[in-house]
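In what follows, chain A forms one complex with chain B and a second complex with chain C.
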Partner chain A sequence: MANVTLPKSRREVKPKASSDDWTMRAFMLMIGTYLVVALAFPLYAMLSKSFEDKDGVFIGLDNYINYFSTPALFNSIENSVFISVVTMVITVTLAFFYAYALTRSCMRFKGFFKIMAMVPILVPSLLPGIGLIYMFGKQGYLNWMLFGYEIYGPLGIVIAEVFFTFPHALLIIMTALAISDGRLYEAATVLRASKWKIFWTVTLPGARYGLISAAFVVFTLVITDFGVPKVIGGQYNVLAVDIYKQVIGQQNFSMGAVVSVVLMIPAIFAFYVDRQVQKKQVAQLSARAVPYEPKPNFRFDTLMMSYSSIVVLIIVTILATCQFAALVKFWPYNLDIGLQHYNFDLMDGGGWDAYYNSIKMALWTAAVGTIVVFTGAYMVEKGRGFDQGRTLFQFLAMMPMAVPGMVLGLSYIFFFNNPDNPFNFIYGTMAILVVSTVTHFYTVAHLTAMTALKQMDKEFESVSQSLQQPFYKMFLRVTVPVCTPAVLEIAIYLFVNAMTTVSAVVFIYATHTQLASVAVLNMDDAGDIAPAAAMGMMIFYTNAIARVLHMFVAKALEKRTQAWRQR
Partner chain B sequence: MTKSYNRKLLGGVAATIAALGFMAGSAAAEELTVYTAVEAEDLKRYAEAFNEVHPDITINWVRDSTGVVTAKLLAEKDNPQADVVWGLAGSSLLLMKKENMFETYAPAGVDQLDSRFRDNSDTPVWAGMDAWVAAVCVNTIEAEANNLPMPTSWADLTKPVYKGHIAMPHPGSSGTGFLDVASWLQMFGEEDGWAYMDDLHENIGAYTHSGSKPCKQAAAGEVAIGISFAFRAAKSKAQGAPLEIVIPSEGVGWEMEAAAIVKGTDSLDAAKKLMDFIVSKPAMEHYNQGYAVVAMPGVSKPIEFYPENITDSMIAMDFEWSANNRDAILAEWTNRYDSKSEPKE
Partner chain C sequence: MSANTVGIETGRKPYLTTRDLTKNFGNFTALSDITLEIYEGEFVCFLGPSGCGKTTLLRAIAGLDIQTFGQVTQAGKDVSNLPPSERDFGIVFQSYALFPNLTIRRNIAYGLENRGNSKSEIAQRVDDLLDLVGLASQADKYPAQLSGGQQQRIALARAIATNPGLLLLDEPLSALDAKVRAHLRHEIKELQRTLGVTTVMVTHDQEEALTMADRIVVMNNGVIEQVGTPIEIYRDPATAFVADFIGTMNFVPGQFNGGTELKMGEVALQCEVQGTGPTGDILVAFRPENLLVQEDATNLPNSFEAEIKYMEFMGSFFRVDLQSKQANADAHIKGDFSINMVRRTGVKEGDTIRVSIPKDRLTIYPGARNNG
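Showing the complex of A and B:
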């Protein structure tokens, strides 16, 4: 937020706003209004609902008192925190060594290992849960490995959450390891420090901010995730599933709002710590740093490659199990292969239409979201005037990260389903799903856009202004083409997440707008696990294809728009 | 009546319909929003059968578990979204009748139904379709592997040997779950009924969201025993699952599936046409593909793997009592058993 505060002198001599400035302000206002309507108002509606009874009468803290005097409900807090912390420790450790292998060894096939580690991002979090049922459930082919322990419960939740959060942690830690200063290693080697000592005194401290940041991101992802515990949590209650049970199972919206508020507290806390840490990390890299170059070491490289191979093997096994189970006629008694589980039209969840709806929704999200997010980021970074407005906008843009998808979805019921709301007409349409998804994934997309925009010198704006060109001409002719890679990155990020998200849409889809990810949930709820796996894998293939397409488009456009980067 | 007169009449009617259609915009393609808890795989078939008679009325299904549909209808009381409810637990409909949420309408031919399956009051609002009956699915392979004796009664299920091997639907969300609980309370009396559930709770491995999941899980061997309903059990067995369908000796609870028109609907005429179809013989024949007991006497044919003589085991259920006490029963149940959050030893 500090980066948008303009120098003081600006305030002292206030230039007269030109018509171009006014156009720009109008744009800022529009984008700002989006975040206020799609985020701030709904959250306020939810907060006030938590103080009301079923008929909407204000009852103060009664709902909260009720919540904290029901052990069935408040026990979930401890459960949620427990699985989040355990997952955090395991994921960060595993991801650290994987990132270490990718950045500090000379093992072969690094590109392959990097891609494979990202695969879990492409599936809904329900899917690893389903895979684990087939591997470790009562009829699972690896059931003997549990020695009589039950996969349904904390054990299954943690394994599936590690799968789900691994790529997120990996990306952060890899960045942290990549920016370390090679000169420190040279100095340590010259001082004859042992490898072990270097690891503890140089490598780990250098990556500490990345590790802390990864830890909190994983914590937030797990505590707000709903898919994994829903599928494999058994009777182990967690906060995110409680919201679902209160709202869908018992239609107790007020209690759902209370649990939402409770769930937001740890999420906001983790978010705050993460932001503080991220700020420090940037400052760590000095201009004279030299990138670290790993040297080949056969034993070390083999060790690292074996480790990475095991991780990839586990990821592939979970997905392959889902695909196999989706094709098997009647697990475990009839292992003939057939396509009958793809007959989605005979199941809960909306059938094949749900799948096509999902693609439609994801395309809309990518298109609308990219425009809104990128324009918004441009206004914050390059806009003129409206300083306080822009600071507020930056704050709103960061907020979705701390708001769990279920909470956002629930607050949309309260806000948009109100007949007095002028936006009521979007309730029950595809539009509300797109708005919810764009808002839910706003922050990461916004940060991507900001990073790209920051790389562009402010001079561009000054030049275009002195040439008396309107800002939008500059924006469309220069900024957008230069930032094409970032724009495409935002689009694919939004597409993939729109395909996989359950939490942001589960409360607000309607009969005509059922979605594939929600179908996975509903089929699993009805006991049709094989079709659920089949639909989950359809989402995976769709996302994988989208990713490959993105790669080709990015390459082709890069040639056209990024040629100036080459000499 | 002469032919030409007929033709004139037809022409006149057609012209009038066309004119009306023009005025109403698109009266020809009428749509009904129908809330249901019928199994998803049957919905398409039901809608197609109706469209054979009335191709101009499109049905938009909103399907969920009984508890969810009930709660949804109650929540939307002041601003109803549904036109018709087709296939929801009778006790839920009774509850909503009390809330005055339905249109009074006696469908044509409703007197053909067994009197237990129709609303005999002066202001009839609902009509019955069929009965779904509780049953216990036991996976024979799993039972053998875990040395579980075959249970024959509800009481058997509380024996310590079954600890953790039983799945049952959550009565809050599932109609089957609620009919089980209501039937135990009616069979054993309130005090003994709760005591029975206390014991049973010790053996339950998981409470599921939907009523069919316990049997599907038993069919797949994820649990050994699933408390579910007979139709689901027969279906899973027909798919080749190693299931034994047990009808407990104390008798089994059952619940009727019924239909009604939601008060305040914009499409009252279409809704009435649908209600007439719902109680018709062709509709009953469709229900019979899954349900052995249907509302119209003499229609029902035996179903493969469906337990024979199940009608003898069906206890006399007091649906009024179930409806009136639904909230209290669910609150008590949630208090006692919904906190299964501690990992089990």
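Showing the complex of A and C:
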């Protein structure tokens, strides 16, 4: 054989897929199909609706022409952008100094300050609006501070949005500050740069991607938020509320679709910029970086702690006001304490059932969502071959981030309420609420899973295959146990957001599937503000308990399944 | 047969072959037409600088990154397009890739499950393997509790647990410190000899390749430069690249026009050129340790005068930097002088001495490169 020269084979080798490869692709295809049905199709339905009249006849751009020739409608674009930009500047500035205090000072009680800053995540965005009304409204106890200005309108919206977006910005900026390299500070100090100069030449440039990213996240959150402007916006129109008004108030679905398309443009833009920035941030990390260790400095630490205390005080005041208002008989005339506002069954909004529904929905969302998201992420990260399929899946998984909750919810009406749709049967059930919520929060959960999976040695799968073991054994015995912290993180993230979300569900709940967050909205709408505050606080307590439980479960599981982490 | 082909007519049947293996990443060719035969029970090292394609070749053999063109056969079976799970090999990575949440025992047992073995059989096999790698007392620890060298031995035990026909080692020692590395080198070689398993190891460390391999495959830029035993590779490097990459080599420009004599500057040197060597402008290559120093009046053959510019103390010998106006004024010729010789003759920096290159210790390569 050695002496025979065989002609070179120039046929490209087509790798044969193993049965595992096929199974993994099948899983990916299933979850990909889910995303197509729960996201791409509904969005398409909404897009086509925006080109139709009330009777479903195609009318081209007429709706858009109509929209842009009605000042009452298109003025909202300016309003939305205005409050988003103002909130963005304020939130990022406040969050930066708070993050600075947490990462660069030696102030005491950092754990406490970290937890307190996260509290706004646990409440629906309607709640800070309600709190502000009690504080600064016509009968508010701090009304004198406004010198005659109205809290209803841009002022109230911005204050409430800052409360609502603060923890999101803080988390991002804190990460950016935490990864900075201590060696740069040593070098700068040795070169005798002043503190001020170090701040401008080392700290800020090091955190710039975090700051930009935080700015765009805040911008997106505000422009797509519905709860705050609904409660405290007054006559000040913004896009997200316009959708609600068009659909619920005027039953003008086509115009609702047009506003949705308009709202998606800045959301997609912000999303795109954020992704680009995130990519750069990763490249900045160097394996040799030494974490920065702050040194005690009495004056600086006291200053930072005073600042942080003021921020916490404001957060606590807003929530405490809501709780107090929920307990008093008749604000501000009769301040006797009582539980009559907790008689939710006597009000519109679904009563206590709405609350139990919310818990049920949040549990389902956490359970189903975690399994779907983590499995999907595993298949896309660890599968072999099938590259186009994986790229497409990755794209689908990133898309929900760019879709505002209101838009998703409205799309669901168009898509699932169509009697010709084979999935029509889930309309009006708990299932559609779970589907909508899982889809709405898919991206962040997916990214959490991907980060955890990328940290696993990529040769685990190679070893497992060489030992001829099926992939699910690897997945269940190694991947999931090692990734338990991330899995729990995804679950609690989905639970908390399912409890607080209004926008993703407000169009698709039915009478027997009313939810607590929607009840807050409806009771507030009906003028039952105290019960709305009471229900909002119930959501807060539930989420707080869930968070604490999560902490205990995570600790316990860590002891059991992560014993290997200790040396 | 091309230079990429191994063909020792020993009558042994090759266990693993690759034919015209080519791997493209987009427009980049990582491997080009690799044809190779590896015999049963052999320990073969793929050696080369980083980016030479050695790991790509190993991953193609494993089926982890399947080649663009070409064939791989193992034990007489064409496995060219098969996924890793349908091939027969065990693999050890530089990162060990031990499952962090499983104990040592369960790591080793991982591949033994789902194969119709009873629990007690598996336990017995794991115990045997733990004995084999000398870590029986560590069975119930987690990987993070072991040292790097211990972890690598566990990875090895896991890879051979199922008695694979082929053992693949991807830079298994690179993450370890020097002492542990030298020790494990020996241990892996012993183990391989005991088991008789055909083994392919990828390394960029020539010392590792020279000490462990039965045969070395030297690679560069996606092609095989030379295949041979460690001694062949060191003594008779087939190309200037191999000569330069393995050990230390002097390259001095010269002229050769056939026959038994070549010119290195003004110096005429006797040489033994096999077959039809390159002619015209050539490079004369010889190793520092083959440079002899004339100690008395007897003229050594093939000698010339050189001045000692610098002597570097290396512990067991001196590495000397020589300049010879006769041979080539620009070339830094390196020579290794033994401590004894230096003491005996008292040579020192600035001395002019006569040095000689035995004619069977010099090789010529085409081209006009200069190592100065």
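Note that the second predicted complex is superposed on the first by the 553 of 567 C-alpha atoms of A that agree within 3 Å, B and C clash if a C-alpha of one lies under 4 Å from a C-alpha of the other, contacts with A are read in each partner's own complex, and residues count from 1 in each chain.
The rule we apply is simple: contacts are C-beta pairs under 8 Å (C-beta built on N, C-alpha and C of every residue); 3 or more make two chains touch, one makes a residue touch a chain.
From a predicted model like this one, the values you see are computed outputs, not experimental measurements.
Of the two partner chains placed around the shared chain by superposition, chain B is the only one that A:D348 touches, whereas chain C remains out of contact.
Shared-chain residue A:Q323: touches no atom of chain B or chain C. Residue contacts after overlaying the shared chain place A:N334 against chain B, while chain C stays out of touching range.
In the superposed model, A:T175 lies in contact with neither chain B nor chain C. By the touch criterion stated above, A:V478 is placed in contact with chain C alone, chain B being left untouched. Against chain A, the residues of chain B that register as touching in their complex are 33, 40-41, 44, 60-63, 67-68, 71-72, 74-75, 79, 141-142, 170, 172-173, 205-210, 212-217, 219-223, 239-242, 334-335, 338-344. Interface residues of chain A facing chain B in the complex, by the touch rule stated above, are 71-72, 75-76, 79, 133, 137-139, 152-154, 234-237, 248-251, 329-334, 345-349, 419, 511-512, 525-529.
By the touch criterion stated above, chain C contacts chain A in their complex at residues 1, 5, 7, 9, 19-20, 33, 37, 62-64, 66-71, 80-87, 89-91, 93, 95, 97, 99-102, 110-111, 113-115, 142-145, 158-159, 161-162, 164. Residue ranges on chain A touching chain C, taken from their complex, read 2, 6, 8-18, 20-21, 384, 457, 459-460, 462-470, 473, 477-478, 481-482, 561-567.
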